[in-house]
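Notes follow the structure.
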Amino acid sequence: MDARSGGRTFQPVMNAEEVNSYLREVFPQACSGEVPDYRALSISPGRCTVRLEAGYQHLRPGDTVSGPSLFALADIGGYVCALSHIGRRALTVTTNLSINFMRKAGAGTVDGRCRILKLGRRLMVFEAELIAGDSEDIVAHATGTYSIPPAD
Amino acid sequence: MDARSGGRTFQPVMNAEEVNSYLREVFPQACSGEVPDYRALSISPGRCTVRLEAGYQHLRPGDTVSGPSLFALADIGGYVCALSHIGRRALTVTTNLSINFMRKAGAGTVDGRCRILKLGRRLMVFEAELIAGDSEDIVAHATGTYSIPPAD
Amino acid sequence: MDARSGGRTFQPVMNAEEVNSYLREVFPQACSGEVPDYRALSISPGRCTVRLEAGYQHLRPGDTVSGPSLFALADIGGYVCALSHIGRRALTVTTNLSINFMRKAGAGTVDGRCRILKLGRRLMVFEAELIAGDSEDIVAHATGTYSIPPAD
Amino acid sequence: MDARSGGRTFQPVMNAEEVNSYLREVFPQACSGEVPDYRALSISPGRCTVRLEAGYQHLRPGDTVSGPSLFALADIGGYVCALSHIGRRALTVTTNLSINFMRKAGAGTVDGRCRILKLGRRLMVFEAELIAGDSEDIVAHATGTYSIPPAD
């Protein structure tokens, strides 16, 4: 048992492949192509990992990954948490996201390791830890809330 | 006197044109072109307004402006606050940003009305209110902190 | 019309006296006595002002008002915003609050000037600006979200 | 090695007993007595655990631990992180703290499990996970920033 998941049993209802297929449909700009900019790497109970392949368009001067690109990775991480654990509800929206930037990340991959802190009837709260490349350096850390629409 | 500026006298050292000229240099992707995606509209003591011209690449399905695009507008608003009030210090970086999303914004302009809450020796804190088009509807609200490098 | 209220017509349903009477009932420890620690000063459409009378128990070493006391003022400000605009729903709870501390406040009064940013069916988002004594110095700034229970 | 600590070697310079002795000095109201309201339970590289013994004065109607008491626990957790890893620098102050409330906690103990996300020259960023009693339920989650004064 993982203490950090709060002793709850989270049960994913979609795997990474199903999530990516859905992301390609709804975010064709960012999530399709042979190697999409953003994609889900793995899904597990209460958690997911998402990856940004940071290319030229994600960089700022100094060749570091831009804040909005890191924000987008954290936000997509929350979306994948919600999607994989409650299924396709297109209206799920971010209500807030708070992000701390800690180190610069260069071009390459940035992974967002995400964890559901609460999955309620109306709100999901998650955190995302952003790690650059093969290091274990935390580039940024975010917490956010998604609003969950009423089930039909 | 504006109560909300804390009774402090903030004095800008750059105007909107100078700021935009600098933004074009350092963020050529987002801030240049005939009508740049992001630009400063106005600078006044302790405040600035920045504008996003939201086009196709800033939209999500449903034709609403994406979270990362709104985040970028708030972040640029903070950058313009810092730049216009302390001058060109390229190393100024966002340390955190917390954003609440409140309403959807469609394609068109989104204005970020920004205000410096504190301008210290090492940190600047600001807030940004994001307003869509000609409405007075608040689309999102952000507060953030920029780290200011030591003066040379 | 106030641009910052988003062009919405907020209509309070309780005045400051009614709010304080209710606060005394539900928070007898902090909100009663001849001069209660925390109380509402005024209510207006989309806004309220709350006051902390900072005494010994609210101070930290150096005779500055403690972080938790300022947090409590911002939180009560959000509660008073919700209470005065949607009426008595005891289950209204804070879901998140983000606070920036900017200057020290000494013993005496601290006022929280609060504004509703969004009053939705399920969530209320507000901001609070904390001002010490008669100055216009911003001591702290907070944004927060209250969850609104379904109407009976 | 702990992936979540970012591969850094954090080395505490004070243990829990030394930290508590210091807290008693600087926060006599909250941190002294036979069983102080707030105290450090343990310190380890990059981490600490702090405990709130929630009594009558920390409760709200419904006998749940109040938001300001949980805020104070998270804030003290960040202070103990800083104190135990950089030593006694009385001027260390919270610059911001963002907290998500997730479940109610009843009277009894609440533990704050804290982790340093970044320990820079000027800023320390941390997160705190608040757990009630013997459960593993996350009551609240916070991230915060402490400003570190220049070393003498």
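Just so it is clear, A, B, C and D label the chains in written order, and each chain counts residues from 1 on its own.
The definition used in the following text is that contacts are C-beta pairs under 8 Å (C-beta built on N, C-alpha and C of every residue); 3 or more make two chains touch, one makes a residue touch a chain.
The model shown is predicted, which means the values in this text are computed figures rather than measured ones.
S.K.: Hey, how far apart are chain A and chain D in touch steps, shortest way?
M.R.: Minimum number of steps from chain A to chain D: 1.
S.K.: Please work out which of B-D and A-B is bridged by more C-beta pairs in contact, and write that pair.
M.R.: Taking the two pairs in turn, the one with more contacts turns out to be A-B.
S.K.: With centres defined as the mean C-alpha position, give me the chain A-chain B separation in Å.
M.R.: It comes to 25 Å between the two C-alpha centres.
S.K.: For chain B and chain C, what's the span in angstrom between their mean Cα positions?
M.R.: A distance of 27 Å separates the two centres.
S.K.: Roughly how far is chain B from chain D, going centre to centre by Cα mean, in whole Å?
M.R.: It comes to 33 Å between the two C-alpha centres.
S.K.: For chain C, jot down the residues that touch at least 2 other chains.
M.R.: If we look for residues of chain C contacting two or more partner chains, we find 95-96, 98, 100, 145.
S.K.: Which positions of chain D touch chain B when the two form their complex?
M.R.: On the chain D side, the touching residues are 95-96, 98, 122-123, 145, 147.
S.K.: Please name which positions on chain D make contact with chain C in the complex.
M.R.: Per the touch definition, chain D meets chain C at residues 26-27, 29, 57, 60-61, 66-69, 71-72, 75, 90, 93-101.
S.K.: Which stretch or stretches of chain A touch chain D in the complex?
M.R.: Within the complex, chain A contacts chain D at residues 1, 3-8, 98, 100, 102-103, 117-118, 125, 127, 129, 131, 135-138, 141, 143, 145.
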